[in-house]
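Should a chain be cited, it is by its letter among A, B, C and D, assigned in written order, with residues numbered from 1 in that chain.
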Amino acid sequence: MSDALLALSGVSRAFGGLKAVQNVSLSVREGSLSALIGPNGAGKTTLFALMSGFLKPDSGTVRFAGEDITGHEPHRNALRGMTRTFQIVKPFAAQTVRENIAVGVHLHERRRGVALARAEAVAAQVGLAPQLDKPASDLTVAGRKRLELARALATRPRLLLLDEVLAGLNPQEIAEMMPVVRGIADSGVTVLMIEHVMQAVMHLAEHVWVLAQGQLIAQGSPSVVTSDDRVVEAYLGHGTAARLRKAAAGANA
Amino acid sequence: MQNRRRFVSQSAAMASAIAFPLVAGAQPKTIKVGVLHPVTGALAYSGQQCRLGAQMAIEDINKAGGIKSLGGAQLEAVLGDAQSQPQAGAAEVEKMNEAGVSAIVGAFASAICLATTQAAAKYNLPHVVDVGVADQIVERGLKNTFRFGAGYKKSTEVAMANLLVLNKAAGNPAKTVMIIHEESLFGAGTAALLARELPGYGFEVKEVVKHANPTRDFNNIVLRMKSINPDIVIPANYYNEYALLVRTMQQQKVQPKAIFSVLGGAASSYKFVKEFPDAANGIIDCNHWFNPKDKRAQDLRKRVEAKGQFFSYEVFMTYTAMTVLADAIERAKSTDRAAIIDALEKSTFADHIMPYGPTKFVNGQNQGAQPLMTQVVKNDIKVIIPRDYREVEPLFPLKA
Amino acid sequence: MSATTSSGGRQLAGIALFAVAVACVPLVTSSGVALNFVMMALYATLIAQAWNILGGFGGQFSFGHALFFGTGAYIQAIAQLQGGINPWVALPLAVAGAAAVGLFVGALSFRYGLKGSYFALVTLAFAEVFRILAVSVSFTGGGVGLMVPLRESAANMQFASRGGYLWLVLAFVVAALLVTWWLRNGRFGAYLQAVRDNEDAARAVGVNPFRIKLAAIGLSAAFMGAAGAFYVQVFQYIDPSIAYGSVTSVEALVAAIVGGMGTLWGPVLGAVVLHVLADLTRNLFGELPGINMVIYGVVLVLIVIFLPRGIAGIGQSVRQLWSAQGKKGNHHE
Amino acid sequence: MFDFSILFPSLLNGLTTGAVYALIALGLTLIYGVLHIINFAHGACLMAALYAVYFLKERLGVDPYLALPLVMAGMFAFGYGLQRVVINRAGHGKDENILLATLGISIVLENLALLFFKSDTRSIDTAYSLSTVAIGPAMIAVPKLVAFAGALVVSGLLFWIMGRTDLGRAIRAVAKEKEGAKLMGIDVDHVYAMSFGIGLACLGAAACFLLPAYYVNPQVGGGFVLVAFTIVVLGGMGSFVGALVGGFLVGVVESIGGLVLGESLGQIGIFVIFIAVVLFRPQGMFGAKA
């Protein structure tokens, strides 16, 4: 466990009567690119919020780089090296792309001029260089997703939590975005992503956790996980796995 | 820069030469006088009444031949709006100064007067204060500032002395007092003085109630009045609150031996008497009041009423302040500001409708200024004290 | 990057030019009207710019900025009257006191996550609480108010001419402009605007919104405190409704919004335009009380309808149009 | 410190004063609480309604209570037009613009009143202005009792409109999810204007109940605005029950606060409660948790 960058143990969180996350334990290896998947409403985003400090767990602990950060505010976690993005993009709409990214750069750079300059390199990394001095509000959905990514990346994180950066993009845009994520991981940043686009998960992730109804139900390599009955049933309903197998057997015969 | 400055000052001189072609030669045909009041904002009613008084005075002075020592020069009002704010009042003074006024009459409210008198002082511009009851206005050593009427200290002292006289004459039926005042300068200042001094006159001050402007409901205060049951109720507040208070007392059937107001907003108001005759009946007030024996005052009242306005204290106070100024200009024989100030300092003006006698300013305060005691009798306001101006015998106490 | 730095430089040059130009006004005219007008416009600029720091850059709309104005004013008056302190020494106390009240209100409001109209109304309520307290306690003189004795001398911060006051308030305005410039060209300002535009996104990239907003309200309140101290020095009188009444709060936010929120020159434009408008209508229609304010109100509504981004927005639109056309032109080449 | 025998009358007085506050707040809770428009012109609109009641009585001899439907209808039309023609166009979807627009409207209304009606304080005299009813040891003015009943009726009516009519459902839909409501084919602009109109109609009712025991001048509205906002937040944004109970509560707090702390300082109670509610229970007494 010594190489775990992020480690959750027994983390739970409920809203009123709804148990959004129940007793989740997992550890993210430093330098890995892994994914968190699960059907809608499984509690993935809540789990991200618990990791990054936007929510406090009712019980359990969150450790980052060996330190207990349970309940720490997000900005403190960002300073430690963990940054998240949002599924529903949250650009600083009144500001330019450059200024948006510079906010992230500022985490480790006080000087405004330097931050604005460095934003350029980050923008290039996610393919936003041409839009650098446009207002963020003028960007397309894909552009905003890139911006979300760039801003987080600008904080020079050790761990990047990406919440559905591919959602809402068309196939071509997805194809363009995937190498960007790959590149980030290759540059040494540990990446944990929530993703619905299975094609991306299969291609990118080396390890996958599956969350359903607030509980971890499976983990392993993408191929192992996708052939797990519980995972199939979680997505498609009880009894589906058996039916699918039967149908497959029938077709073969 | 030097050249530019000279250019600017030269063009300014040229501009004024065009504007006042007669400056060098003959005497001006008109004399500009600043008429500065809060005609908008919270004090709009009083401010507009003041403006009316000033305009009527100017009309009368001009009709009577203007300033004779200046060849019958006519007074011309330069109107200003203080917007019920001191800073707006001060800005208007600057404007009036540049419009070339010889003096300013205004500015009703004490807080505004503080700002306007001082702004005028910079230009040695004579400023006659029409109402402004705060005594600080004339206690700052400003040479340009003159107040013709009485301040709240004087008014309160007169009120207390007369209360004592009334009470003695009636066989000392009243022993306890309740003071109800608004929370700003005028009400709070008056109430503090009353609460400090009344015990010395043998009255027990049962309670002093301070209320906000506006106060939306007076039932609570009247309830307390009921439980304390004071012999005398002394209100010191503005018209709206005064009217609500007295109406609520009437509603709750609270009848003290006397309602005795000091500078009360309503008891010396014809408006109140007309609109609430029952509530007003019997109320005694110590306030600025005109000389009831002076026929001109009654004529003025009729003229004001013919305009559909009430003859409120604001009207005749500002009216008189303007006549005091006109008299000074007459004697100064000049529109020069210093000369007018000098004439005001030496004023002995006695030909006015106020019961003040000959004018005598000491440090800017007219020494003869005094409030009168009035009482609402049969839907009219009558003077009861002092004896010289008495119209009817006082009715005190109202109930045994 | 070079573009931004040079625009920052241009802005600084603009502030310097503004300062020098306005500072020359008392040298070229001795007209009391002109000086008083410029002085009061600067005063309005000061409170608008103060509001702009929190409202325009921080997105926290205060309806109760009189709270800080009044506190500065009372401290300035009380320090002189009861402490016998020289007004130049009292000034930093007034500024610090106002900032402290700002920090207190900010700490309470932001700790409990107040935003939008809740924050607006809470500041309004605090101003009202302070007004009632000022009426009720004795060291403020209660409803009677406080009067600073008239002793004209520069050492006593009471100037014989409006020019002296003009320079004083100009110094405050320039300080406020420099702070605004810094907000547009420094990390703190970037963080503040990030928090305004999206608090969660800002938190995710390491911004502590509580601290940022707290600092902003402290700064904003400090400038309001300076304005309050200035008011006392000019008018030598303060009472609870002047200090904590809604007039000042409204004046501050209207000028800032009309001019253009979150901009450097917007509040200056707003304050000047509104002052000119108010003066013009009063001079034209002063004899019919009310009509001047009716026109003022109508113009205000028209500005909101036709200039939703404030007066400074006109400049932006023109620039954008111009650069868009410029680009089109380039394409043709 | 004070006489306990006046506690009960004071309590009753607070309740009846609170009834008028509640009426004013009911209109505001619809505009502010549901549509999230901070209506700075609420006080000025109340003033306009009071003048309407005044002139109906003085010029046409219409009793304020009989004038109720007329004034409510007039205020409704005024509100509908104001929202449609001015506020909607000025808004541009920005809070600060709506704020300025309503501020501008209030300046215009107040000064139009000053221009046409002068700054005089005016009040009306009715046969019942000074009559009282004894409730135990307390004497309650008849106009205040009528206002109390009126507040209950008006809030009941609002409750019915919001809960049982298509308009009410549309208003709630718009308040909850504006874009969604648009997609469902609801004319959002119309719903906004209707809500604004209904809000001002409540003010019309408040004016009819208020004037017999109060007065009108161009500035009269200012004294009620802050109190009304306090009540809306206290009761919970958009909650009619909240506005009603909040109104009574503020009336009582003001009354008892005045008794204990003095009339001037007693006002502080309202604002301290307001601040405490906003900080610690922002959903108000009857609001659902956000």
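Annotations for the structure displayed:
Criterion: a contact is a pair of C-beta atoms (placed from the backbone, for glycine too) under 8 Å apart; a residue touches a chain by one contact, two chains touch by 3 or more.
Here the structure is a predicted model, which means the values were calculated and not measured.
Both chain C and chain D are touched by B.
The most distant chain from chain A is B, comparing centres defined as mean Cα coordinates. Here the CA centre of chain B is 37 Å from the CA centre of chain D.
Centre to centre, using the average C-alpha position, chain A and chain D are separated by 49 Å. Chain A and chain C have CA centres that are 43 Å apart. Within chain C, the positions touching two or more other chains are listed as 132, 135-136, 143, 289-290, 292-293.
Within chain A, not a single residue touches two or more of the remaining chains. Residues of chain D found to touch two or more other chains are 111, 114, 119, 218, 262, 264-265, 267. Every pair of chains meeting the touch criterion is listed here: A-C, B-C, B-D, C-D. Taken together, the chain C residues at the contact with chain D in this complex read 61, 108-109, 112, 114, 116-118, 120-122, 124-126, 128-129, 132-133, 135-136, 143, 250, 253-254, 257-258, 261, 288-294, 296-298, 300-301, 303-305, 308.
Only residues 27-29, 31-33, 35-37, 40, 132, 135-136, 142-145, 147, 149-150, 160-162, 231, 234-237, 239-242, 247, 282-283, 286-287, 289-290, 292-293 of chain C touch chain B when the two sit together in their complex. Chain contact summary for the complex, chain C toward chain A: residues 1, 3-5, 185-187, 190-191, 193-194, 196-198, 200-209, 262.
Taken together, the chain A residues at the contact with chain C in this complex read 52, 54, 73-76, 78-79, 83-86, 90-95, 99, 102-104, 106-107, 110-113, 115-117, 120, 133, 151-152, 154-155. Listed in rising order, the residues of chain D touching chain B in the complex are 2-3, 5-6, 9-10, 13, 17, 111, 114, 118-121, 123, 125, 129-132, 139, 141, 214-215, 217-220, 222-224, 254-255, 258-259, 262-265, 267.
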